[in-house]
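One chain, subunit A, links the two complexes that follow: it is found with subunit B in the first and with subunit C in the second.
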Partner chain A sequence: MKRKRVHKLHMDKGQWQLQAMVLPAMICFLIFSYVPVMGLINAFLDYSITDGFFGHEFVGLKYFKELFSDENFWLSMKNAVGMSALKFFFTFTAPLFLAIFINEVPYKWLKKITQTGSYLPHFLSYVIVATLWMVFLDPNGIINEVLQMLNLTGAPVEFLAEPKYFWWIGVGIDCWQESGWNAIIYLAAIAGINQDLYEAAEVDGAGRWKRLIHITLPSIGWTAGVLFVMNCGSLLSGGPVASNFNQSYLLGNAFNRPTSYVIQKYITDEGLNQMRFSFAAAGNLILSTLSVGLLLTANKILKKVFGRTVF
Partner chain B sequence: MKKYKRILSGALCTAMFLTAVSGCGAAKEKEAVSESTEKKQTETDTVTAAVPEWESKIDWEKIGWKADPDNLEWKGNTTPTSLEYYVNFSWFSLDWDDKTSERVTEKTGVDLNLSKPVTDDGQKLSMMIAGNQLPDLMTVDKNDAALQQMIEADMLWSIDDLIAEYAPQMKDILPKELLQNYRAEDGKTYQLTTWVQGEAWQKAAEEYNQLVGTNQPMIAIRSDYYDEIGRPEIKNIDDFMDALKQIQEKHPDKIGFYPADGGMSASNFASSASLSYYGIEMGLSSDYNITEDGSVEWVVRDDAFKTPMEYLNKMYLEGLLTKDPFVDTKDVAKSKIEQGDMISYSWTISDGTKVPADNPDTSYEILPPFETYKQVRTGTGWLATVVPKTCKEPERAIQLLEYMASAEGHADISWGIEGEEYTSVEDGANWHAVDGKPVLLEGYVKDKNADWGGVASRDGLGEYWLACNELLWNLAWWDDTNEEMKKYNDWFGDYVVYQPELDIQAPSPESEEGIIKQKAYNLLQEYSVKMVFTEDFEAAYDEFLSKVDSLGMDQVEAYWTEEYKGNMKNMEG
Partner chain C sequence: MKLKIFGRSREDKAFNIIASILCILIFIVTVYPIWYCLIYSFNDGADAAKGGLYFFARKFTLENYKIVFKNDAIYPAFFMTILRSIIGTVLTVFLSGLAAYGLSKDSLIGRKVYMTLGAITLYFSAGVVQQYLLYREINILDSFSVYILPNIYQFYYIILFIAFYKAIPQALEESAQIDGAGYFKIFFRIIMPMSKPIFATVALFSGVWHWNDWFSPAFFIQNEKMMTLPGVLMRSMSLAEAQQTLQKMTSAVTQASTTTMESVRYAMLIVSVLPVVIIYPFVQKFFLKGMMLGAVKE
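Let's look at the complex of A and B:
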């Protein structure tokens, strides 16, 4: 499936107005996304806000050495990677299943209700989400009540006071909050599939399952691939919705700290809140480098699978 | 058709481009606007030039304060001008466009152009410092690390210098602590600290039964349960635990004791070892322990910390304490109290008499303080107003602060309009003198209590704290006829101690001490729950202490001792 390479940048005459429309966005990107990247150089400088923007002393790898010798850095890194990996898997697959499920629902009204209901949580502010779940997960909360009613547990489970549950709580909240929203993308892709294919398959005697496996899934494969690459870029901050920090900040406590303390929280606590900007920049540089690495790798994988890349 | 389309898309594109870059031009525009309003003001000012002299029938001797000197310097120059003023709090709700600001501008000629940040993450202030684009006047938290940095980088005017040059009489109207206790290393004061509870305040507060307010920490217990066990006297933590045990036998599904003030949250342990309000009941309310030889040690080494921690552990082992208060946010804690989930909780007097939902006929009641109760207050204030070196008119800035710090300024900015009859929020009057003390008019208090923020946004009273002297600020609100507060003052008043020397400056976060201190508090955060929820308290406590030692905490303690001694020296004058 090799595509012909377009060699010449061909532009119709009189099209410049349309092309120029992208300029403002590009300028915004340049000013607000690319210029600030230069601030990462502060990771190697002794930056102090009272000395202006330039001319700070070069200190080499001082802040990186400090980071790597701090056990809290490794703890927070471990948690970020662990929780993100879980989230990556579940928040990537859940919307896919949800979209297929919604698509297969035979009644239109049920379809609508399921879809609307599932993407509503997306619009809640994270403070509210966290408080809601804190109440749900309380020893006297609704989840414990249900578990006890079903005789699954004897004594109430202290979800937020046990480190071993935290990653799964994070995954659960993300799936609950974002699956519906992300499913919209898949639903759109499914809606774009040529209906003739289904009719032809039906005539040939393909059942529901066969149609799903051989038509729906291959047709939305590329969409999933694009999302896969995009998710890889934000993997370390907690998958597609970058929720690691919010969860750590709002649901973390002294009990679950061994699993809830993530790198973004670490950078905030030890760097920004202490006005140690160079230290924070060093932490961020590590994070950014890893994220770019992941993104490029994901793109390579895509090339292997589909023979083409996102960028 | 095609031509139209082309023109349209070209125009659209230009518009988008202009919107994108329009942010850069905004500052200039604003200047032009403020210039034009300035002009307008000059015109109107010539019409209403005469400002009535402020007279008061206040008995200063009884209050323990003094009347303003006759000729404060601010009166000498009231030509209209405009100053940029920045408040470093996103929640600050006013914009200098209400009745109070109108009054102040008319009197002093100074109009403030007020700005504030969008969020409270310190970013805006950091940017202003980094770009050296500070306003003419600024109010920040007095403990904000940025304040220290600005002082060290010599970005602020010394308040003493400004006073000496432009407003010498201001010295006489400030509480004596203000120019004494806040001196930097070079012996100068760079901040005008507000909300200071100094000697004068303490004396007056005792006189008017205001030492203990509704925010005083306490422990509350459910009345119906307390009645059931025959209301045994509770004088200390042992009595308290006995009572809780008796109650819990009858009500096993209830939580025994719940510190509801957020004091057991991880974020609190990350900055304090004083166990919040429960700590105060147990006689622990500072992170610093002064040893016999006058040096400072971290309180975690002392029994003052160990004993209350040990009791928390005992309560856990006896089933009186659950993990909830270490997990819940304040909102969740509040809802649990309102549901009546707990037998007792610690919080403040104003939250001490809640009605539990499962029995509307009863309520929680406030227990008298334990014998061990001790609240150390530093009384060293909350906010600091500073005059950056970028200030266009330091003379007018300090003179505005002089006016605001005077009794007249406080009357205008906090109490309102003097008179006998309250007509409306906008027109007052708000207060009159009774027995030589300003007292708010009943109608105004009623309206204010019904809609605190709403009234403030209309009349602007009680919000512009640039030079707030807490004694004068709240004087009109003090009501010594309230029997209930009188009782609480009798209960708690004797246990309140003022020790301003314990307001110890934290080491700079970049310094070695700063990094060690941060690590030590991280450790405390981690061990807070390990020490309380364990079968073997001693082992956990010893482990914690040895880890603290291995961090090199003695270095931080040496730093604290140095600062403490500096404070003592400042206070001696």
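Let's look at the complex of A and C:
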């Protein structure tokens, strides 16, 4: 209460200072985030790079029609949805399990090194991650070496040249890279659980398993729900890690194209390599609309389950 | 923990053992690939190619690193990466911290609108093609600004800052206000010194992001001299080009060299990972705190 009054007294005097702090950020957001979104209107125009930013001819749904009749669009859409669905399931649940494992470990040193080790991959550039796994998955790489040593395969497996492996490789890399980092939030939520609950349950004779099921899991349910909604917005770019484009661009090749070619890659190819800017804008517009739709739907689901929403 | 009087049941022991084993496995899986890179990069290339290299370097050599550092492309790229990381991070930390301070004040007129404007940027992205067109229009393609300008403000960082500021006791600020200090003065004199953990956290996030970003060099930069390390690495990923550059690199040193493309590549990876790996354990306790505050806020 008191705080409010002090602010009121100084409002006029300090207002310009506050505005001066905030406005540069807003201007940057407008230029670098909002202008490109507004540029998606090019999907309905005949944009050509020589004419500048404004004054292009209106062509209606021409580019959407072209898009829908292009089989590459459907291929890339199918891959984006399939790979993202897989990734969403695994990269959403893996951190939850990791946090529970770490929490249940009785030794402090082990907790610490596991946690510290598990964030390490998060800090690596995707180029490095991709190079790393490219060499590991090579026919002469260490993974094949180990598989052959254990007599699991005869001839070396061409992991990156066979379409059937690509989605799983994507899932695996995502789990490897981001599980530790994404577990931090769950660990924080677990740390915030009232310890009296556990002690009371223990007195009542509840074992470790029962305490995990009846106290730990329900207590982090809301956190998981919030993350679920937040991640739904990036569903088509690959779920929580949003790595579809990175993987498609850096690990995709002519051999695994049937499963590695995703919508973001398709849009970039058409836009930047073929210079079909309006066409690319049409693709992006569809993608953005779908993402927002997913986000809002997820928020509705959350409301049904928990009775409250993120937004 | 406290109720040891009940003794350890069999269930207890089973839990401890299973969780411990899983954690050890997870630790190995996450860290081993990087360890493997490290030993490979210090091992003689021809020897490593025979396989069977698992735990330690077998034939120790520095040859791979010598080749990496003899490459003319590496130094400018290294320099560029450092330059953009430092400039980008300083600007981001300072300006985002300041904007967040303004946004944390209830008396800011239009606060709700600003917050909504910012929050929407978290969910909307128009894609790389639209970015390209914009950067082209405002003439920052192929210049150093393309590394810095578009990424100064990140709303996620601003949220982290605001969460931290809200936890600072108001009394100090109020007394300064009564003494007639303006918001800028309060920010520099009181808020910044008290918010070191969050400044460190955001600096780490931003620094690592700049250090690792391969997107800008790949799509918005063509000039070789402006390339950053991830840009160079990315180019060396496409095999044909990698073969060329790496062969040039290897043959330039000695004919009798036993380094291979692979071993040099591993050395290059280690060189570009090293700064991050060295820094992050030290700032770890800061970013954990920062992240958790953000999580609680959500």
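Rule of thumb we're sticking to: the second predicted complex is superposed on the first by the 276 of 311 C-alpha atoms of A that agree within 3 Å, B and C clash if a C-alpha of one lies under 4 Å from a C-alpha of the other, contacts with A are read in each partner's own complex, and residues count from 1 in each chain.
Rule of thumb we're sticking to: contacts are C-beta pairs under 8 Å (C-beta built on N, C-alpha and C of every residue); 3 or more make two chains touch, one makes a residue touch a chain.
Everything quoted here is computed from the prediction, not taken from an experiment.
*Asks:* Which partner does A:A200 contact after superposing on A: first (subunit B), second (subunit C), both, neither?
*Replies:* In the superposed model, A:A200 contacts neither subunit B nor subunit C.
*Asks:* Quick check on the superposed pair: does A:L295 touch subunit B, subunit C, both, or neither? Answer first, second, both or neither.
*Replies:* So A:L295 only meets subunit C here.
*Asks:* Looking at the overlay, does A:T50 come into contact with subunit B only (first), subunit C only (second), both, or neither?
*Replies:* Only subunit B is touched by A:T50; subunit C is not.
*Asks:* Going by the contact rule set out at the top, does A:Q274 touch subunit B (first), subunit C (second), both, or neither?
*Replies:* In the superposition, A:Q274 touches subunit B alone.
*Asks:* Between subunit C and subunit B, which one touches more residues of subunit A when both complexes sit on the common chain A?
*Replies:* The larger set of subunit A residues in touch belongs to C.
*Asks:* Between subunit B (first) and subunit C (second), which does A:V305 come into contact with in this model arrangement: first, second, both, or neither?
*Replies:* Neither partner.
*Asks:* Considering only the touch criterion stated at the top, classify A:S125 as touching first (subunit B), second (subunit C), both, or neither.
*Replies:* second
*Asks:* Scan A:L152 for contacts with subunit B and subunit C and give back first, second, both or neither.
*Replies:* It touches nothing on subunit B or subunit C.
*Asks:* Who does A:P36 touch here: subunit B (first), subunit C (second), both, or neither?
*Replies:* second
*Asks:* Of all the subunit A residues, which ones make contact with subunit B and with subunit C?
*Replies:* Common to the two interfaces on subunit A: residues 14, 17-18, 20-21, 24, 28, 49, 52-53, 131, 134-135, 140, 250, 272, 277.
*Asks:* State the interface residues of subunit C toward subunit A in the complex, per the touch definition above.
*Replies:* Residues 2-3, 6, 9, 11-12, 15-16, 19-20, 22-24, 26-27, 29-31, 33-34, 36-37, 49, 51-52, 95-96, 98-99, 101-103, 105-109, 114, 117-118, 120-121, 123-134, 136-138, 149-150, 152-153, 155, 158, 170, 174, 177-178, 182-184, 187, 208, 211-214, 219, 230, 233-234, 237, 262, 265-266, 269, 272-273, 276-277, 280-281, 284, 288, 291-292, 295-296, 298.
*Asks:* Using the touch definition from the top, list the residues of subunit A that touch subunit B in their complex.
*Replies:* My answer: residues 14, 17-18, 20-21, 23-24, 27-28, 48-53, 72, 131, 134-135, 138-140, 158, 160-161, 250, 252-255, 257, 269-270, 272, 274-277.
*Asks:* Name, in rising order, each residue of subunit A that touches subunit C in their complex.
*Replies:* Answer in residue numbers: 2-4, 6-8, 10-11, 13-15, 17-22, 24-26, 28-37, 39-40, 49, 52-53, 98, 101-102, 104-107, 110-111, 113-114, 116-121, 123-128, 130-136, 140, 142, 145, 176, 180, 184-185, 188-189, 191-192, 199, 202-203, 207-209, 223, 226, 233, 250, 264, 267-268, 271-272, 277, 280-281, 284, 287-288, 291-292, 295, 310.
*Asks:* List the residues on subunit B that touch subunit A in their complex, please.
*Replies:* 2, 6, 9-10, 12-13, 16-17, 19-21, 121-122, 126, 129-132, 145-146, 149-150, 152-153, 155, 265-266, 269-270, 322-324, 326-329, 331-332, 335, 341, 509-510, 514, 518, 522, 525-526, 528-529
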